[in-house]
Structures are given as structure tokens and as C-alpha cells.
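Okay, here's the structure, questions in a sec.
Order of writing sets the labels: A, B and C. Residues in every chain begin at 1.
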Amino acid sequence: MSVKLDLIYILDIFFIISVFVIETEGLVKFFGHIKALDDLSIHVPEGISGLIGPNGAGKTTTINILAGLVKPTSGKARVLGLDVWSESLGIRRKTRFMLEGQALPKSVRVFTFLNHVAKLCGSDREEVLKVLGIVGLKDFVDRRIESLSAGMMQRLRLAQALLGSPELIILDEPTANLDPIGRVEILELIAKMNKEYGINFLVSTHILPELEEIAGWVSIIDKGKAVIEGKPGEIIPRGLYNEYRIISSNNKRLMMLLRERGFEVEDKGGYLLVKSDIHWRLYRVLGELEEYRIYVYKIEAVGTSLEEVFRKVIVGE
Amino acid sequence: MSKILDLLRLEYDLTWRYLTLGMVYALIFIAYTASLNVTTGILTLYGGSIVYLQDVASSYMYSFFLLIGLSSYIYSKSIASQISNGLIKTILCYPISRRRLLITKLVTNYLVFLPSGILPELYLQFLYGVDMKVFIALILVFAVKLLFSSTLAILFSVILREPLMSLIGSMLTLYTFEIAPGFLWSIHAEKIAKMLSLNYLIVVLYRALSSPNFLKTIMELDALATVLFSIVFPCIFFLSSLFLFEKMDLD
Amino acid sequence: MINMIRALAVALIACGIGLLVSSLIRGYTTWTNNESIPCIMGKSFKLLDGVWAPRNIYLNVVVERGEADIKLYSNGKFLREWNNTNGFIERLQITERGHSYLLIKMIKADRNCTVSAKISFYGMERDLLTHAVFILIIGIILYILSMVKERRVALIAILIFFVLSIRPVYSVPVWMKPGTYAVYTANSFMSIMFVNGTIIQGDWKSYLMWKCINISGSQATLLVNFTLVNSSGKIVLSVMDYVRVNLNNRKVYYKGKEIGMTAMFLWPIPHKYEEVNLTRVYEKNIKGKVEKTNVMFIPGYGHQKAVSVRYNYTVVGFFNNHNYTLQGEGVSVLYDTDTGILLCGELDLEPLFIVAGVNTMTGNHVTLKKTNVDIGPSDMATEIYFLAMKILFVAIVIAPIVIAIYILRRKRSH
């Protein structure tokens, strides 16, 4: 198995990828007696990349090490060619981070906070206003951060990461706390920023389908070790998960509307089972259905857990 | 320079709310102006400067006691609380070195605290026309005490990383420092008591300011150790905090 | 910048509230001080020497195995005396914060004679409350300025308010018109030296009246009446004559000759810490310094704001075969802050006395008895003090209710 993985990795290195924005070699991190990272070696190329792993896989520890917040016990890690511990300040001049559940100063107003961040990153208030427009927070500039909803808070976290014209943005679970439409918007925004401004992204998530459409590279880690790296289309076959469970405010009406738009839908009692080969198509249609006052409470892809992916793709079950 | 100012502003916005600022200033003002000459009745202006100095200084002690609690609270809020809730991680994701961040925290909160001790003293100067040397001695000692309690509170915040525990820890330690000289005096360990007593520094500074040779008077009063203690200890506290903070894992 | 102004405003408001609270705490705290001193015959000494707060005092003095003349000086002014006493209990009010003491002179003293004094202070300190309100107002204005979007308009409005509240300054007192008059009385132990060299001492009552008869340019003609009544009520001296006063420089001319500079008014009204030439009789000159503004109760006129001019003087002279020395330390005279007219104070030297042939009057503590000069309404600060007290008590009652409602509403909104 490992020979197969190494081969993919070597092929990618020599024939596809020329520059790594992030590389780690034999990264080990102990928290007391707990081994959070176990000889982790990943190589992230330019463009949009994903760092995928189940909860407790070591994603957040990896990102904390990349941000210079945590010192690795052993091993090396470089971001944009700079060492993560000794040259951390240099990294943070070129890289922005959005950490999982990142704490924000609750009593400060949205604009004041972003203005402070802009000044620290050598930017100005014009860029703050621009970024506020991009993330859709322009109407909330005078609000105190504590008064924002969880979704708004997540947009603010993204906004602070966009300031200061970074070369690389590392996002830890950026779509957490967002509704389905919000998730699509954020992912589209990432793709747009990459395309228009050439910003590289490393997106950490435990929801695999989210990255399928936008990421050019995926590193899957588990139990502090790299499991597989490569292009998503190559390591995960398309159509692996094409069924979605949806719970909405009016399942019957939603079923009718989805059928009108060409989806195969089954009513399973408490939820609808929808077949869609393209993940984003379903999300966009659901967004359009808002005008019918149908609210989607929950949407999840069937068989998207990483354990299932591992079983299907890596172990070959 | 503008970067430093930006950092100071950020730290001020993160730590201070107008209500907190108002509470701190009001409490210190109340403690000082309410207690002045309550115990002695008449402010002895012409009965000898030292008697008068001791009268004013004894009233200042109430503010010092309060200052200990307030500075412990603010630094635990600014450092321990931000470490525990992750806000410090957010700030350290921007291009700021850890050293600069900790220095900014000390400087900002120190600068916000300092006028809270100067304002009531200025008012008393206006009200009673206090001797300028007394005024300078009191302000200097307030500044030294504030530095002492600030650096110790920072050290506790960095070590304990938990707001309540660091608040309790630094408050207890500072109060111990406050009452230790009295206890040492009672067991006739005058030399150590003098060294640890920052209150004794008020008398020392006043006498040194009144004399033509500042340093000679300090030596004569056997107060060099007190002066060194008040300068060296905050430095040790802060350097230790810096060392620990730079090595710390912010997981 | 705006945040800094707002922070300063908050600090000022906090200090104002702090001062208000501390003045309340102090107001409800009774301070007591004791002092006891062994004494010998003929010796003068001070007791309870220090800065006294402007509060009510309860004074208990005991002279054991002896008798003493005791004088109370408050803020440099003689306030009260007790002669040949072996003790007393007295309640008094100190109106100004300042250096005060009991001056004790032993008349009779046995062996082991001691004087002990106990003083208790109680009641509010008015100056603290006034300062608290002042600091609060400044803080609130600054806060409003930092909040208002049209900051320039607000700033201009405040400036206009202050400019309008400043009175224009004229070179001569505007209130001096034909018919203007003022009557002063003094009733104390005085030592009067006449120009002919006669010296009389005793408890006298003196009346000094001046009335403006005519004004020509800056020259005013005043009719001066000086009457001296002895302790049995008999008029000893009553003289009336005209003098000319230059309203620009207060110089007094009598029978065509300059005799000095009057202390009956000060114009323009001096600022705090300003040095002023207070009075002059021939070459004998007294200079003073404006120390502070006080509130002085004048019967019939209420609490009037006054500038306190303090002076020390030693005048040594030789007159009509007599050597004389006039001495005064920390003596104060008070002038109305609106008009500059003399309200009260010790006036030993004054050129208007020359009209009655009086050279000096030691211990002449005059008080304004009557005048038709509009010295203004009762002092605003005192009014604010009473208003603040009322508001404060209402606030103490209402605040817990408001806070409770706020907390309830906040909980509901959450």
C-alpha cells in the first residue's frame, strides 16, 4: 500500500508540481504523553489544496505549527520556503490564517477590528471596506462582534484572513457554522480569490466533497500521519458519493420542486434521499428554492465520512 | 513609531472597555480622596514635612491596596484570559513577534493605569497645595509599585494561563509583599523589612529630593537595597515572562 | 484621537463620580483630633495647627490649672476668641479649606498646667462637591463632543456658550454711578491711631459709608462718612467729607492732594494667583496675592462668590513723635467676583480713613452691611451643591430600580 502511495507522490513531484508552498518532513508533536503528530510529511503545491482528516487526525496541530503557535517536538516544516519556528514572523508577513473557532475580540466593533488587523498587516481602510464587501459584511461594520451570528462570525474570520494581500491563506474548517448556501459562497470565493489574485489556499476540512470541485491537491492525514496525497480526481473516484439526505421545513414540496428540476428524489419518511452526481449543482438549486420559503435544516452526503472513503478508496472495500 | 501606536491601540481596544476604565479610575480616586486624613483628622501641614508626608502616604496606601487587585485583574484579563480563550492566537497569526506583543501589553496597560494614580494626587495638590517634593515622591512610588504589580501579574498570567487562577495567584503574592515588611519589622528583621518596603521608598525619595545630593542621601538612609529591589525585581519578573511566553505552545 | 478624547472624558467622569462618592464618605465620617501641651505663663503657642476642612467643627478646649486667651484663626483670618477662659465647648462652621489653628496665650498658669484641645469635624465638604460637579460637567461635555458627528458645530456651540458667559472688561467699574453707595461696619477690639498721634484702644464699632456724588470721566467724587461708636453706644467721632477717586487706578485725592490707593474695590477683578496692590496710605503700601475663590455669606445677599486676597505686611513708621509697627500675617480680604467690591476682611490701612483723621486701625475687620451695587445672585456652586445633594439622594433611591429593570430587559432580550 505504502509503495503505491509513494509512487503517486513521487510522480506528482517530478511531473506535475514544481513548487511547494508548504512542506513538512517527519513532523512529530507530543502534548505530554499524547502523540498528536507522528512523522507527518506532507507537500502542498501552489493553488488550492486540501488538508483532510477525521476529527483528531492532527489537522489543527499541523496548522498551529505552520502558524508558529506550537513548536514541533521534532521534524521540519517550511511555509513559502521559511522555517515555521525560527522564521515564523517572515511567514506571518506573507501568510494569513483562519483558525478553527478562532477567537475574536467580542467587545470590539467589526470595522475597528479589521482596521487594526489591516494596520498590523501593512494594509489600509480601503482594503478593509473592499474585503467587507467581498465577504458580505458591509452592513455590519458598526456592529460589535459579540452581536454577530455564528455565520457572520465565520465570514469575519475569513475577512481578516484576506487582508494584507497574502501569498498564502491557511483556513481551518472555513465552512463550519455556515448554511449550505453560505458554504458554497465561501468555497466559490476561495476559487475566485485564487483565480483573480493568485492567492494560494490550504483548506483543512473533514468534509471531503466540499473540496472536490475547487482543490487541485489533497493531503489526507489520519492519526497524525499522512495517508495519501494527490489530485482529488485521481485519489477519489468521482461519483463515490452521489446521494444526499435532506431535512427541510417542507419535505413534500421540496421533493416536488426538485423532481421538476430533474433530480431523483425519494421520500424516506423523516428525510429526502436525493441523487446528484455533482455536489455543487444540488446546493445551487437548493439556494434558488429559498424563494418558495422552504428552509433546509440539514444536508449531508451519504457515505462521505472519511472512514468510509478510506474503506472504499484506500483499503479498497 | 506608527506601528507601535497601532499595537498600543489594538491592545487598549482588546483589554479596556469604557466601563472598565471608568471603574478603575473612580475606585482609585475614591480610595485616595476619601481616605486622606480620615485617620489623623487634620492634615498636619506645618507640624513638619515628614509628619505631613506620612499622613498623605498612609492615605495613599489604600489606593495601593486597590491597585494590586485592579492590576492583577487587568493583566489576567489581558494575558491569561486571552491565552485561555485563544484570542492571543488570533493576534499572533499576524506579523507580530511574541516579545513585542508582551511588551505592548505591559506598556499599554501601564500607561492606562498610571494616570489613575496621578489624577487624585494632582487634585490633592490643587486642594491642599502639597509640597512638590511630596508629590514627586508619591508619583514615583506609585509608578514603581504599578510596575512591580504589573510585571508580577504578567508572570502569573504567563505561568498559569488561566484568568481566575492567575488573578488569585498574583493578588495573594502582591498582598504578601505588601504585608511582609510589617511582619518582618515586628520580628526585628528591620533590614529586610526596609528592603521589601516600597512604602519606605516614599520617605526615602522625599528626603533624597529635599537634599542637595540625591544618591548620597539614599546611601545614608540605607535605602539602596530598597531602590534596587524595586527596579531589579520587576525586570526579573518581566524577563522571565518573556522567556516563558516565547517558548510557550499556544495550542 | 476621538477614542482618546472619549477615554479622557470617561476618566474625568469617573474621577468626578469618585470625588462625589468620596465626599459623601468623608461627609458621613467624623474626624477627631486631640492635642495636649504643657504650658507656662505668658507663652503663646498654636494648637491643632494644620489644614482644616470646610466642615462643621465641635471644639472642646480644656485649660487645666490655668487661664488663657484663645483665638481661632481659619484660613489666615481671625474667626473667634475666648478671653480669660479655662475651657469651652463650641460648635462652629469652617467655610474655607486652609491653614487654621488655635492661638493660645497663657494669662495664668500654675505648675503642671496643660492645655488640651479636641476637635471633631462633621458634615459635608462643600468644595469637594463643587469640584466633583465641575469635573463631571467637563467630562460629560467632552464625551458628548466625542459622540456627536457634527463635532465642529458642537465645538463652536460650546465656544459660543463660554464666550457669552465671559463678561466684557471695562477700564473703570461699570457699576460706579452717581448715587452708588456702600456701608461697612466693624465691631471688634481695635487699636486706632489718629493723624495727630493719639492712639486709642478698645472695643469699637465703626461705620464707613461712601456714596458716589458725581462722575466726570474716570474721576468720581465720593462723599465719605466715618463714625466711631464706643462700647457704651456713644458716638465718639463722626466725620463727613468729599474725596476724589480715580476709577482707573483707585488713587484717592483729598483736598487736592493724593493720599493713597483705596481698597474699597478692585478693578479689573484679579485672577487667581495674581498679585495686586491692595492699598496705600501715603508711602505705606500693602501688596496682596489672590489665593482662591471662596463662597462668602453676606446677610441679605446670600452666598456670594469672592476672590480672597491674602497679604502679610509689616509697616514701621514714625508719626508725630510716635514709633509704630503694624503687623499682619496671612490676613485676607474678600472681594465680590462680579463687581470687585469689598465684601469683608481686615482693613488696617485705608486712605478713606484719613478723611476722619485716622491713620491706621489695627484689627478693623469690616463687613459689607448695605449697598445698592448689584453684587449678583446667590452663588451658583452653592446652588449646585444643594441641587446635587437632592439629585444624589433621589438617584440613590432610583438607581437600584433602574439597574434591576435594565438587567431584566437584557435577560429578556437574550
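Basically, a residue touches a chain if its C-beta (ideal position, glycine included) is under 8 Å from a C-beta of that chain, and two chains touch if they have at least 3 such contacts.
Values in this document were obtained by computation on a predicted structure and should not be read as measured data.
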Just say which it is for the chain contacts: an open line, a closed ring, a star, complete, or other.
-> line
Consider the two chain pairs B-C and A-B; indicate the one with the greater count of contacting C-beta pairs.
-> B-C
Measure off the straight-line distance from the CA centroid of subunit A to the CA centroid of subunit C, and report it in whole Å.
-> 77
With chain centres taken as the means of their Cα atoms, state the distance from subunit A to subunit B in Å.
-> 46
Approximately how many whole Å separate the CA-defined centres of subunit B and subunit C?
-> 40
Multi-chain touching residues of subunit B, meaning two or more other chains, are 9
Going through subunit A residue by residue, note those that touch at least 2 other chains and give them in order.
-> none
At which residue positions does subunit C touch at least two other chains?
-> none
Spell out the residues on subunit C that touch subunit B in their complex, using ranges where they run on.
-> 3, 6-7, 10-11, 13-15, 17-19, 21-23, 25-26, 29, 31-33, 48-52, 97, 99, 119, 121, 127-128, 131
Subunit C partner contacts - residues on subunit B that touch it in the complex | 9, 12, 16, 18, 21-30, 32-34, 37-38, 40-47, 115-116, 119-120, 123, 127-128
Subunit A residues within the subunit B interface of the complex | 31, 61, 64, 67-71, 89, 92-93, 96-97, 99, 101-105, 107-108, 112-113, 116-117, 119-122, 160
What residues of subunit B sit close enough to touch subunit A in their complex?
-> 3, 6-7, 9-10, 13-14, 17, 82, 85-87, 89-90, 92-97, 247, 249-251
